[in-house]
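What follows is a set of structures to go through.
Presented sequentially are two complexes of chain A, the first with chain B as partner and the second with chain C.
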Partner chain A sequence: MTIDAVYILQLTLNGLALGLLYALIAVGLSLIFGVMEIINFAHGELLMLGAYAMTFALPVVGLLYWPALAAAILLVMLAGLLVYEILLARLRPDEFERSILITLGLSIILIHTVQYFFTATPRIVDTQYGFDGVEIGNIRITLTRLIGAAAALVAFAGLYSTLRFTQFGRAMRAIAQNREAALMVGIRPRVVARNAMVLAAGLCGLGGAALAPIQLVTPYMGQFLIFKAFALVTIGGLGNIPGAVVAAVVLGLLESVIGGFFASAWQEGSVFVVMIVALLLRPEGLFKRGGMRVG
Partner chain B sequence: MKLAAALAAAAVFAVLPLLTSSNYVIGIGISALVFTTAAAALNLVYGFTGLLSFAQLGFWGIGGYAAALTVVGLGGSFWSGVVLAGVICGTIALVVGYPMLRTNRHAFVIATLTFALLATLIARDWVSLTRGPLGIPDLPAPEAFGRRFDTPRQFYWIAWAFAMAAIAFLFALCSSRIGRTLVAIKQNEPLVRAQGISPMPYKLAAFALSAAITGAAGGVYCFNLRIIDPTFLDFYYMQTFLIIVIIGGAGSFWGVIGAGIALSALPEALRFSEDLRMIIYGVILVVAMFVMPSGVAGWLRERRLARMREALR
Partner chain C sequence: MSAILRVTDLRKSYSGIHALDGVSFDVEAGSITGLIGPNGSGKSTAIDCISGFQKLGGGKVVLGDADITGRPAHLIARAGLMRTFQTVRVYDRLSLADNLAIAAQQFDPATWIDEFLRTRRYRQAVEASEKRARQLVELIGLQRYYEAETGILSYGQKKLVALAAALMPHPKIVVLDEPVAGVNPSRIREIEVALQQLNQAGETFLIVEHNVQFITTLCHRVIVLEQGRKLTEGTAAEIHTDARVLEAYLGMTPEMAEAEMRGAA
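Take a look at the complex of A and B:
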């Protein structure tokens, strides 16, 4: 096979876009784990809700991209708040298995409720941008893909500055680093956990809404992404946000390049193979966990 | 007392084909036996050792494919297929279990989950081995001593014998010194280390044995379905095993067995609405985690303790 520079570049760009999307999900998972020590199995379903919200909001606002995106994010944040207040607030910090099983049950309920009302038929989402694209030399990227990647980057910058420079974010890092000490200086874990959940849900809503015009929307779209995101946060070290971002982007690139040259089975399987190898070498994750590190 | 009840239940299950002429009831009976066995195997890792393993789904599927391919691809018999399914799953569990068990319990859950998904992907995408989404149809009926176990009624005896052997083995294991060590690891691992017991070989053995039994159960079940395709690795099976263990009470041997028999009939009872069925499953899981976090067995145990405290007062 001749190696074509344009082809490689195309694969790289696709991989970057894919990786940023994975990172949106993985960062939310990492944040929730860091603050609450909970692995949220229903996280992919929040993404799916975001995509469906985008699907139904777009016709209402006349296919305008940004208002629909905002509506979807708000809706998913609200869903995150409800999930926290109704289910997760009742858990004690040491009930790890219980949290998994509860969020697993929630994920089953969400998937099948959406399927019940909107059927499992995949939906194609049209926006004001349609299939417009940007051409750079011989490479063509659709605008929706580009906006999705850009929005993800902006979201990371926003998350970074929130965690780094605001009291709101500092409280989250404090809880993640040392729960007892944070309590002692007057940080309320319940409020912080709620904020973290809503923030993570917002990131997920953004991911889902940005993904809706790029690929088909089905009730099961979140499930596959979430399992990959699980592998990513394990590789990056649970609760380690930069680790999750790096792992997500690298894995997105790897998948895209492998998908370009080998059979699709290798593309899907690569994440899992990398995870097993990474765990064998570094059981605590490649990027050692020391609380939730930001920068 | 419990053992007597269990033997009575085993006897009732043994004569079930003589009591009913309905193939539908026999079919549910086969599912109940196989699912209960798989749930008891999950109980060994989750309930006794405290390791929540989603890899069971992967072993269930790998076992099914191993048994089917032994018969169709290698021309072996059903029996060698089931044995090979158990051996292959146990070996894989030893290999992947070692790196997984070195991590903490949070990462272990995720690692086992991704293992199960990897198995699903392989079943779907490695077409030259598994024949991809089309699956392997028309699995032949098992044969022994010149008899063909062709009808569900005859196959029922195989499922019964398998379930009894596996459950008896698990019971012997769980009530032995090894079983008590596993419970100790679940309750306080540092203390186990302090007693001079290395937890790793015990955890690895529990994981591998549970994988072998789940794999063999998958092998038996796919010959009941007579076809195996990637839907055999549907997450639905994992949910069923988990709900049986949780409702029965993780760590309670007979609680899980009882729940397995009772709950295998549940999907059939809920069959009136295929769409609502899974929603109800999810609701049961969430509600059970809040109302009875330690299952029916745990709830009964707490009630007994409360009564004893009352009597002492």
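Take a look at the complex of A and C:
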């Protein structure tokens, strides 16, 4: 195979789009870890719910992309709120083991409930954009990918400003950095945790809804993504949000390029090879860990 | 003067050992009150229970007119009792300005809707908070570091930041847990001066501290705990000559203490 510049550029663009969607999941995990110090094993299923919401919302609104996307995001935020209020709000800060069982159990229940109702048959999602794409010279990128990537970028800009410049964001960073100091000044830990969960679910909903027209939608789609997201969060430094974004984008690129030149088995494995090597070299993650850094 | 904090019959035990065995005391509004006692006498347990960071075994805590017994820590803070910790707790990766803004934000009347719409109520709250922050920063002498991350400050400076944060929302009382422990001796005097100025401006303090000289210089009243009970209470001078206190706490006789006082003077 000859390696030409156009092909590489094409792979790079695909990789960027993919990486930004990974980042949506990884950032949500990082937020939840930062505020509640738990790992949400059901995070991939929130994404899967977002994708299924898209498959059902689209026909209802006549295959219009934007209203369906908004509906999917809202639905997943609602799911996040319920998960927090019903399950996670009962956890005390020192119950890490219980949090694993609860979120892992929830993940299994969600997968099988969806499978029961909608079968495991992969669904293909069609939108008003179909397979339309933008062509620049010989490079072609589908509109759904482009929109997904752009929506992710907008979401990150929004998240960054929220964390950096609002009281709600400051309260989240305060709890993440020093729980007792935050309680001392009257910050309500449950309100902050609930907000973080809903925000993370919203990012996941966006990720799932944006992925739906790009990938096959199955009850298991969250599982494949969540382990990659764990790897990303670890490589990026637990709780370090820009770290997770950078790791996700680099991984998306890597996957795309490896997929373009080697067998797809290498594509999946490469993430974990990178994670193991990165953690051997820098046990704390590539970027500084913890405290919900946003800048 | 009236009591701003009334603690009655405070009890707490850990697996059968009475850390607090019926401690009662009042803190007068506008005073600096010291809480001293040997290691293990229950001082830290007492303020942890009062501020809601540990569960009470029994007793009653009243702040102003409000019964705050058994409330969770963040609600006690909202009721107007702020505290600092023995090991300093500031947000190292936030600027000094943000550290103080966070301390005040739960108390301002603006909601997130106000914030989103940048209403006048929000702008006023932010302005008031910034004004207070600048005053306090000036008082603790850290103006140069206003925009800097607190992580770069020294331990003693961070203790001052924690003090300023506790004062941000105009609390009814500030409880200081060993404010000068681990602070460079030359800096202790600065903390003394800052506390005296704040007290003259009307702030009420309850201070737990090992440094007896610090306590006797600052405090109007001193409460002495021993083995989970109140041994005695009185003015700094009274405490310093009380034979029971000297024996329990300082391990010396009144003559030895007098000799030491003369030596120090």
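Methods note: the second predicted complex is superposed on the first by the 293 of 295 C-alpha atoms of A that agree within 3 Å, B and C clash if a C-alpha of one lies under 4 Å from a C-alpha of the other, contacts with A are read in each partner's own complex, and residues count from 1 in each chain.
Throughout what follows, a contact is a pair of C-beta atoms (placed from the backbone, for glycine too) under 8 Å apart; a residue touches a chain by one contact, two chains touch by 3 or more.
Because the structure is a prediction, the values reported are computed rather than measured.
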Q.
Under the stated touch criterion, which partner chain does A:188 make contact with: chain B (first), chain C (second), both, or neither?
A. second
(Q) Looking at A:269, would you say it contacts chain B, chain C, both, or neither? Reply first, second, both or neither. (A) first
Q: May I ask you to decide whether A:178 touches chain B, chain C, both, or neither, giving the answer as first, second, both or neither?
A: second
Q: Of the two partners chain B and chain C, indicate the one touching more residues belonging to chain A.
A: B
Q: Considering only the touch criterion stated at the top, classify A:167 as touching first (chain B), second (chain C), both, or neither.
A: second
Q: Could you say whether A:25 touches chain B, chain C, both of them, or neither, answering first, second, both or neither?
A: neither
(Q) Show me the residue ranges of chain B that touch chain A in the complex, using the header's touch definition. (A) 46, 52, 96, 99-100, 102-107, 109-111, 113-115, 117-118, 121-122, 125-126, 235, 239, 242, 246, 275-276, 278-279, 281-286, 289-290, 293
**Q.** chain A residues within the chain B interface of the complex
**A.** 33, 37, 39, 87, 90, 96-98, 100-102, 104-109, 111-113, 115-116, 223, 227, 230-231, 233-234, 238, 263-265, 268-269, 271-273, 275-276, 279-280, 283-285
Q. Once bound in the complex, which stretches of chain A touch chain C?
A. 166-168, 170-171, 173-174, 177-178, 180-189, 291, 293
Q) Touching chain A in the complex: which residues of chain C? A) 51, 53, 72-75, 77-78, 82-85, 89-94, 98, 101-107, 112, 115, 162, 165-166, 168-169
